[in-house]
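In the two complexes that follow, chain A is the common piece, with chain B as its partner first and chain C second.
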Partner chain A sequence: MSEPILIRVDHARLDAAVAPAFKDEISARVTAGERRVLLDLSAVQFMDSTGLGVLVSLLKRMGGDGKIAVVGAGPAVLKLLQLTRLDTLFTICGSEDEARDALQG
Partner chain B sequence: MENGATANGIAEPGVLKALVVDDDPMMAEFIAIEMERLGCRAETANDFDAALGIVARGVDMVVTDFQMPGRDGMELVAAIRGRDQADAPLHIVMMTARGEEAVIRRAVDAGVDDFLYKPVDPLQLMLAVASARRAVRLHHVIQERNAALASAHDAMRDALAHLQDDIDAAAGLHERLLPRPERLPGIRVAHVYKPAASLGGDSIGASDVGNGRIMFFVIDVQGHGVQSSLDSFHFHHRLKQMRPTGPDELAQTLASLNREILETESETYATVVAGLVDPAAGQGWLICAGHPPAILFDGNVQSIVETGGAFPLGWFPDSSYTPTPFSFGPQARLAVYSDGLSDCRDRRGRELGDEGIARLLAECRTQPIETVGRMVELTLSLRDADPSLVDDISLLVIEPDLGDRQAP
Partner chain C sequence: MPFRADPQIRVPATLLAVRDLSGFLQKRCADAGIDDSIALELDLALVEAANNIVQHGLGPDEGEIGLSVDFAGTQVTMTLSDNGPPAPEGLFATPAQAPDHFAESGRGMMIMSQCVDSIEYRREGDVNVLVLKKRLLPR
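Up next is the complex of A and B:
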């Protein structure tokens, strides 16, 4: 099985200011039909509604049987994912190894 | 035109209005004639005062002798450069004897552009006139561009003022959507509404849906600015138009709005907390779609209305919404808010948080409901957050008002 696509967000604030560039990166790297993405949010301390919208567009881009594993979600990000129930669609993992295992399954 | 400039301020090529100053009238006349041959219109003056008088009427170029009885060429240059019209297109040439380097240095400091050595060579004069012509034309071009820029700037400022008027008008329309206590029988209501910019993506609503029931909601549309504000205005009206009177209808209303947003095929979405209360029956129902939970008081007992949550509106076509019942007895007070309130930071960067809001509401539990709004506004005003981090802030607080029914 091929490696999942690793997307590491390097911004402390994933907000309206960086969302367009982040979205472009996703568009370039995650082609239609891609099945597995490992999303590293360790650097992200704050995410606003626009940043969250990009994660949802990633989810939609991958279609129904795509899988996204998230590592490094801090308290603020985790709270937002829980509030919006995105935690039910992403696999929230404690480490990159755990995320890779989750994506294999 | 008299001064060699066309109506729009650009100098006509070839016509340069010149003044020749020399205490020797013959010399002045000789140079003037040479200059007329080079396409200039030249006048002459033989002393300081006469020269300054002609300069005051407007010339493009002055050719002056250095040595003159009375006030000399150096004083004339200083006087011309010292006038108010510092940016007048004036090219000054001084005639000196060869070898007077100290004079030349002083003259440059005084504002002389070029020098002619005596006796004046017609070729040297031609070069000086060509140089003056270029400088004057360039100056006119710059003046014209400055005028165009100033006019464009004025136009931009006017356009911006109109735009700001429009935005203020739109913000005014949003404000008018805020709950009106006199139209809400059976409940008392307080709210805090602080858009991050003139136009916010938040909207607070409360309306009488009949049968003794009140619908209330806080909408937080993704992003800020005009688009979010228009979306939020529209979603507000859609919720009121659909006018759900019961919990199932409320769930259907949110499901319908969810589909409507998706049909726009924009990437907008909204988190919504929406509910119904029936004050006489002492009950209510709540749905949280991606939105922070509601805080409920029954007397002094505070709790969170656990709804289990749901996806925001506008994400997935088959999202469903389930109303959670809660008790809305005579001692109840319910608060719903947008995450802009909980995310509001103090000077040290600490968020108010859900806990902070709960604590604040508990502190003013015994106060009249109007006081709650004022207390929250006060708390917010004491927080001096980085303006770039600020989100729209909305808070809605409701409680039963059974005053008439309880009266003997």
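Up next is the complex of A and C:
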């Protein structure tokens, strides 16, 4: 199985102000047919529902068997994922190795 | 300027300027020694409310958003004001519902209601006033 696409998000705030540009960025990285993405959110200190919506749109674009593993989620990102109960939609991992293992499954 | 309230900060009604409101809140919380987890919930509620004002009320560059953050006893009150059109009737009266897991939008109201203890909306003349209150003690 090929390596998942690794996307390191470099926006400190993944909010409505950058959401359209961020959506374009990841759309360019994740081509049609890709099914596994490792998303590094270490640099993200705050995310709002619009930023989260972009991650959902990415998952939808990957199709029914698409899978996104998230690493580096800080307190603000984790809080939003828990509040919205989307922590069940994405695979939250403590390290890249753990994420790669999760994406293999 | 038609504002009746006297906000502590006013910013243009743009998504980028919402960050300035967030920065103001964070400084007020730091100065008041507010716990990080409480400050984060306040920030989430504020940003979602201000985003809604920009995206569903005022159009881009059409007006201003005011914010005051007041601490009194064990409660913090965030008062947002804007000169956009009135909010749809009943918008804040019904409990916010969680959208479908795969919905790409529509979570703002739910996040607001989970992060603060009360949300009050009123129209004062031609100004919208949204008051978000949160207890500072653990729930």
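FYI, the second predicted complex is superposed on the first by the 105 of 105 C-alpha atoms of A that agree within 3 Å, B and C clash if a C-alpha of one lies under 4 Å from a C-alpha of the other, contacts with A are read in each partner's own complex, and residues count from 1 in each chain.
Everything below uses one rule, namely that a residue touches a chain if its C-beta (ideal position, glycine included) is under 8 Å from a C-beta of that chain, and two chains touch if they have at least 3 such contacts.
Predicted, not measured: the structure shown is a model, and the values here were computed from it.
Peer 1: Sharing chain A, do chain B and chain C clash or fit in the superposition?
Peer 2: Aligned through their shared chain, the two binders clash on chain A.
Peer 1: For A:Pro75, is the partner it touches chain B (first), chain C (second), both, or none of the two (neither)?
Peer 2: Once the two structures are laid over each other on A, A:Pro75 reaches chain C alone.
Peer 1: So which one touches more of the residues on chain A, chain B or chain C?
Peer 2: C
Peer 1: So, A:Thr50: does it touch chain B (first), chain C (second), both, or neither?
Peer 2: Once the two structures are laid over each other on A, A:Thr50 reaches both partners.
Peer 1: Could you tell me if A:Glu96 is touching chain B, chain C, both of them or neither one (first, second, both, neither)?
Peer 2: After superposing on A, A:Glu96 lies clear of both chain B and chain C.
Peer 1: Touch test for A:Glu34: chain B only (first), chain C only (second), both, or neither?
Peer 2: Neither: A:Glu34 stays clear of chain B and chain C.
Peer 1: Can you tell which stretch of chain B collides with chain C among 43-51, 187-195 or 367-375?
Peer 2: 187-195
Peer 1: Which chain A residues contact chain B in one complex and chain C in the other?
Peer 2: After superposing on chain A, chain A residues 16, 48-50, 52-53, 56-57, 83-86 contact both chain B and chain C.
Peer 1: Touching chain A in the complex: which residues of chain C?
Peer 2: Residue positions touching the partner: 14-16, 18-19, 22, 36-37, 40-41, 43-44, 47-48, 51, 54-55, 98, 101-105, 107-108, 110-111, 114-115.
Peer 1: Which residues of chain A touch chain C once you look at their complex with the stated criterion?
Peer 2: Against chain C, chain A makes touches at 13, 15-17, 46, 48-50, 52-54, 56-57, 59-60, 75-76, 79-80, 83-86, 88-89.
Peer 1: Name, in rising order, each residue of chain B that touches chain A in their complex.
Peer 2: Chain B reaches chain A through residues 220, 222-224, 267, 269, 271, 290-292, 309-312, 315, 339, 391.
Peer 1: Across the complex, what residues on chain A touch chain B?
Peer 2: Per the touch definition, chain A meets chain B at residues 16, 48-50, 52-53, 56-57, 82-86.
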